[in-house]
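Paired with chain B in one complex and with chain C in the other, chain A is shared by the two complexes that follow.
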Partner chain A sequence: MTLALPGQKAGRQSFKVDLSVPLLLTFAVLLCVLILLPISWLVMYSVTMVDPATKERVLTLAHFRTLFSDPDLVEPLITTMIVAVCSSVACCLVAAPMGWLVARTDLPMTRLIRALVTASFVTPPFLGAIAWEILAAPNSGLLNKFYRTVTGAEMDSYLFNIYSMPGLIFVIACYTFPYVFVLVANALDRIPGDLEDASSILGAGTWTTARRVTIPLVLPALVAGALVAFLQAMILFGSPAILALPAGFHTMTTKIWSLFQYPPKPELAAAASLPLLFLTVMLLRGQQMILGRKGYSIVGGKSGEPRLIRLGWFVVPAMAFVIIVLMLPVFLPYFALLNAAFSPLATTLVTPETFTLKNFYFTFFELSTTHLALKNTFILGAAAATIGTVLALVISYATARKAVRGYQVLGFLATAPLAIPGIVLGVGLFLAYTRPPFVLYGTLWVLLLAYITIELPAAYQQLQSAFRAVHPELEDASRILGATRLRSLIDVTAPLLRTSVLATWCFIFVSTIRELSAAIMLFTSETKVVSVLIFDLKESGDLGAIAILGLSMLVLTFTVIIFVNRIPGFGSSGLRNT
Partner chain B sequence: MAWTFDRRDVLKGAGALAATVAASPLRAQAPPSVAVSDALIEAARKEGRVVYYTSIDLPMAQRIGKAFETKYPGISVRVERTGAERVFQRIGQEYASKIHAVDVVNSSDAAHLIVWKRDGLLAPYVPEDVAKHYPDEHRDPDGMFASFRAGLSVMAYNTNLVKAEEAPKSFADLLDPKWAGKIVKAHPSYSGTILTATFQIARDLGWDYFDKLAKQRVMQVQSATDPPKKLALGERAVMADGNEYIVFQVKEAGQPVEPIYPTEGTPLVIGPNAVFKAAPNPNAARLFQSYCFSVECQQLIVDFGGLRSLHPQVKEKAGHRPLKDIKLMKEDADGVEKQSDEIKKRYTQLFKV
Partner chain C sequence: MASVDLRKLTKRYGALAVVDDVSLTIAHGSLVCLLGPSGCGKTTTLRLIAGFVEPTEGDILVGDRVVSSPQRSLPPERRNMSMIFQSYALWPHMTVAENIVYGLKLRKTDAATTQRKLEAILATTRLAPLAGRYPGELSGGQQQRVALARALIVEPETLLLDEPLSNLDANLREEMRFEIRRLHDEYRYTTIYVTHDQSEAMTTADVICVMNAGKIEQAGSPEDIYDRPNSEFVARFIGMSNVVRGKTLTEGRVDFSGVPLRVTNASAGMGGDIAVSIRQHNIRLMAKEPADNDNVVPATVVRQVFLGSSRDYLVEVADGTQLRVVTPSGDAVAPGSKVWLHMPHDCCRALAG
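Then we have the complex of A and B:
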């Protein structure tokens, strides 16, 4: 990044030194350190132990033996698989029809629906889980109380029990379905109407067209979505920590985390992390294979707008379906949080008489960590978004323009963190940066590294596709006229890309402030972030303060999104990939 | 380059030596008690802040901080609250990475103080109130720590969900099948109060009790401050363990919660305070430590918090059953220290989390 300045100066002088090669090499080295260092420590720890006699590290497979034989570790692994499969299926069952309704039918208010899906995406899953506790805890949950009031049922009877495996699956699905929805809806958006028209002209009915044309075209997106949902459910930490532990079971992520509690067993934690890493790599390979084989590139010059299917009277059940789906991750939880924020008791409906600002006052004027956590979160969000965007921009330029030899390696390195679940990265970073030569633990830097590493793949993928859309001939013209590569990049390409760059910045910012699983492994008292503070408050049952902090977090998120999208000249970039 | 010693270096060396001697467990006498002097206040004000790691309930901890800030303007209190076992882990983790962030600590697991003292992490400091008023069993002979608070881990019930005559009277009563699925309980790997209570109950009643309790489908929460809050919400009818002082707080806030002092005896939990040797704000730390043991602060934790104080001049709060009228289980920090890991392990095996 510091090399960019001399590069600009060189451009102005008559010496035309092309600094892009050393610059790109620097980035490659940076990426290697960023990703390989924590993973190497992880692997090293998982296969070694400290010999009690000599105090030296010796090779061993004992941790893996424990991992696959100790029922305390095998059970969480099985639980995780069940939860991930079920929530992935649930996501597809909901998101696919909804994506179709929004993209291909004349359903009204689709812009609003897409915005609300974005809202459920930016809601931190752990916050959603806490809100669902308030709604559906078996005895005190608002929905269960409502059910008992309406039906006059017994004191102990309930409709929902959120502290259960189905409860956990449900809440995870609530906050992962946007991934599937966006992929499916985008794929459906891109299918040219011509293909379906051709099918109809050739005499196929609506159903045949759907079966032979539309479904095969979106199937890759749906499968990709299912895999992403599976992955998300597998690597999530907050929701299981909030919902599974009270019910008396662990998932893999909470188990890894508990292995870091006192007395810490970092070796076993490292060993337990590797199956997650391995599974993630396999899933991503699988996704690539599916997409690679069935990658229908939808080429062609001008194609017609997608045909919108008339719903007719069906619009009523369709709209009801959409509203119910959006109630679950957005309306109901936000309502529960608002109620908890201003009610003396989180699970009692607030009335004008009981309305209180006690929680608000406590959070902002008494709780001494609030300001620190908000400040850290904001600094980290902005820094991670800025550095991450720059990093992704350079790498995607290098790969999209094949600017340096070995650009494929850069691309691979930039996507590799996708295979590292947050909690695993947290363990790896902890092992890597608590010892010389890089003692970063206890500073914001280690969190910044974690966030950049986690968000890089998505940022890279977004910007790479943006680069592909800008034809290189414009840059070539600039270079023929004498500009260096960097100069043409700054003067020509950058202005064309700013919408995508902004969207990427927003994406990283939002994802950073909702991140919990890596932060929970890496924070110290001075480097606390809001997500960790909320988790702390959760463990001592301070729901009112959680509601206030959670709502502030959402306000901060939405303010940034709206503000960035309103900057004149940037147009409505929106979170199109979210 | 020639080495030059200036006076400050020599003093620093001497100070380090003195500190080592003071920390040495061989020393039999506690350092002389220290009254709060203007010089201390001034030095503390220069540092401007104090970092307090504690396991006390957050609003209580913040209230102590606010009271201190009001009394000594210009010195802010940063409260870092989590369960005592987490506090212990965090300090261990931070010290292993040479991060010295903590000034003053309060732990509801008195065994932690034994470990920290043994590892030479604590600074000897005896506030005036401790020297003058605190009984010997509540102050470390070497002046490393003293009992800031006492609390009980009680049982309790929600009076809307359970009639007084039907409420359990003893730990054994909780094993009745009618309480299955209705019990909330905190975790000894998080809470020092619960670890201490688990030690005492297991010692007096045997692990068999926990073995049976684990089959009652208990709702497992983390902090000892949480079960009373879950009772107040009406989420569960009975709590198997948790802080007495939070039960008082929610009861006095008008919630339908009533404590139960089990017939087998109620676990007594001592929460000592200590100043760290490597405290980043050593003067503010000492000033804060002195404040914590003052009558003013001790009365505050009794009146606002519902805690029990060991300062003889502090009056127990009306309506709280006096400590002397409660059958207590015997507190034994050394015993806890020896069995801590074993307790956590066994508990996790029984309760699955």
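Then we have the complex of A and C:
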């Protein structure tokens, strides 16, 4: 038997094919096409121009000179900064006390409050902006009408003007404060009660402990939250497009969009996109640095439950504060949308006599583009969810199990789109796919690419943590008992990952149907999606149809989220607003 | 016969040799313990044997079949081995019975045989009432037994255990040690057992291999390892030993704190530094200077603790070396008193390196 060995050895050796290299290459190339190609075109366009004499592209810094000298472009930059700083500060002022109240005091109904914050989290910001238009437009806004009725003021006087810088800041803050709230509340949830008890036993009172121990411990989370809020405000397209344009000013995102309106100036748009890209990368790095600092991460799970602070009579103002805060992004806008959906005129209150299903009928049976947009949205949502999940699954397997050499590169590429604002990606994809070899502009494919790219990081992170939760020894145990690699994937890994995969699919699907920033750059009349349709209807003033479409979108989103939360072993997870 | 043979086995990650030129023959039916501190390469050695890791150099033979070599490694599923993992690795989506029969299903065993074997192993491991439960509903000890049953039901040639008891509490750990030995004696497969706990190794193993920094420091019976450690590392790791330093005088004598100590196993040259180990309970502590002062070292008591069945002394000799001495609980000597330590020469063991 020993003698037979050499031959046997040589025979087997030839069958051993290393699949890891081609696999790695395929996915690396795929990710490069998704991410590096549009960004390269973006950079290329921003530093070149067509020489009128030779008709050839030549290097130039003229676009950047224009960007930082033309008041038309400098002003939006300044506006964006003001809006982002103000809304970020507003978010912190509201979210920090609210997070503390919910996590650390005996305030009642905290579960409901957290659920309602989630509701404002998943409301598409452009829908919220439209709802606030219905509520607080200077003349037709419901709140202003109410004010005039109560006070008997002049017909042209108003209490709120949503078409203004403060109005825009307010609406943006309404839909970005959940980011800060979640970070702060989670940080507070994780601080072990012992740390506070240790301070109390040394003689510090409730308020001293809060000031000296609790607040310093959550400060990193708050600062990180402020950065995220700033980032969100900076890259948002929907809200400024709806509120700033009627007010006669631009932010960076709307300016980039308008540079693509006739006559298009793609070079300038590309140049204007780069500062956004740069700032996003910086802000994300800053956030990582703050949250990743070892001194502040609290380890060790088995510490005592945090002691809840008794509010006493203070519960009344606290509850009032929470209700007012939740009224602004949730109760009032949802009420406005429901009213608009069933009222003949969006800006008058519906009564039993005027209640109508006309808008419903109009949206789904008379409006010619609805069916096309719905069909496109569903096709794109399902395709992006399926392809995105598969892509994320393979990459997260490779990285979580270190299955191929160079897996870190795959992981990096899969998370990179996090740093690309939707509108910037839209510009890049537009530039990359309107020319050979890839002429995809005008097809659903380019939208599909955009959606997959945007959703990949979240999907990848979700599935990677799912893989991490499946101990590698579970697979080893089945191997050693005689199962092949494939068999143990089927028997052990797949059943354990099923719920996570399903959840990831659902999240990509609902995120996709809400996406506006990239879609607005890439749609054509044949490839309209629901979010773009809502934006279009806003231009034509069909608020009733918008309300119907927006509410359907919300119903679908909430259905999916509730469904996913019902899956055992899967908690709620974040959606990305664009 | 399924002996396991490691020949010059080496595994490198970059420049670091995690397993460094390990050669070991494990006879059929014996239970071998790989014992060492964390990071010594024992788990990697086990995973090399299982086939989860491929060697950089050297071969592994099972019987006379090469299963691992740098050129070619048989995948784990074709080695006819079983393994018990540190985490137990019970599949949470399968019941106890489903977990246990999984290996038989892969071997396409017919239903009647499967049922018979399942009932037998459930009885042996006392799991019969729990067959329908899920692993999440079991206690640590029960999960441990399911892992054992799942590994044993396929009647492997070789059983590998990776720190199988480290997640159990002290009482259960002691019980399961004897359980593992009992099952081994019942089925007589070749067993390789990885642990960092010396008493676990002592109670279960036929042969103990003490590993350090990727190498086997010493392989031998528990008695060998305990009574005749080869190196300072083994003496310290097995514990309860004082390791003192001295200079060799003549053959078999070492100068320790001014006393010419007679030792066994000495082979180093004259005047060289040498380490000598002596167990804490082999030293006799005397309050008066004895007439025969052969191998007697004077010392001062630093600390004395009453432990019920014994007393634990910390003493200091003239050159400042501190020694631990365990004595019967009867004789109490106050701290600060002068004492004489008799170190029987056959218990003073010169160490290499």
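Basically, the second predicted complex is superposed on the first by the 454 of 578 C-alpha atoms of A that agree within 3 Å, B and C clash if a C-alpha of one lies under 4 Å from a C-alpha of the other, contacts with A are read in each partner's own complex, and residues count from 1 in each chain.
As a convention for this text, a residue touches a chain if its C-beta (ideal position, glycine included) is under 8 Å from a C-beta of that chain, and two chains touch if they have at least 3 such contacts.
Model, not experiment: these values are computed from the prediction.
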Counting only touches as set out at the top, which of chain B and chain C does A:A483 meet: first, second, both, neither?
second
So, A:D542: does it touch chain B (first), chain C (second), both, or neither?
first
After lining up the shared chain so the two structures overlap, which partner does A:P275 touch, if you call chain B first and chain C second: first, second, both or neither?
neither
Check the residue A:P266 against both partner chains and state whether it touches chain B (first), chain C (second), both, or neither.
neither
Under the stated touch criterion, name the partner, chain B or chain C, that contacts more residues in chain A.
B
Going by the contact rule set out at the top, does A:S525 touch chain B (first), chain C (second), both, or neither?
first
Note which residues of chain B are touching chain A in the complex, please.
51, 53, 57-59, 62-63, 65-66, 76-83, 85-86, 88-90, 92-94, 96-99, 101-102, 161, 181-182, 189-190, 217-223, 225-226, 229-230, 232-236, 253, 255, 341, 344, 348-349, 351-353
Quick check: in the complex, which residue numbers of chain A touch chain C?
1-2, 5, 9, 12-13, 16, 471, 473-474, 476-485, 487, 491-492, 495-496
Residue set of chain A touching chain B in the complex reads 72, 137-140, 155-156, 163, 244-250, 258, 261-264, 344-347, 362, 366-369, 372, 434, 439, 441-442, 524-526, 536-537, 539-543, 545
Chain C residues within the chain A interface of the complex:
50-52, 64-66, 69, 71-72, 75-83, 85-87, 89-93, 102-103, 106-107, 150-151, 154, 160
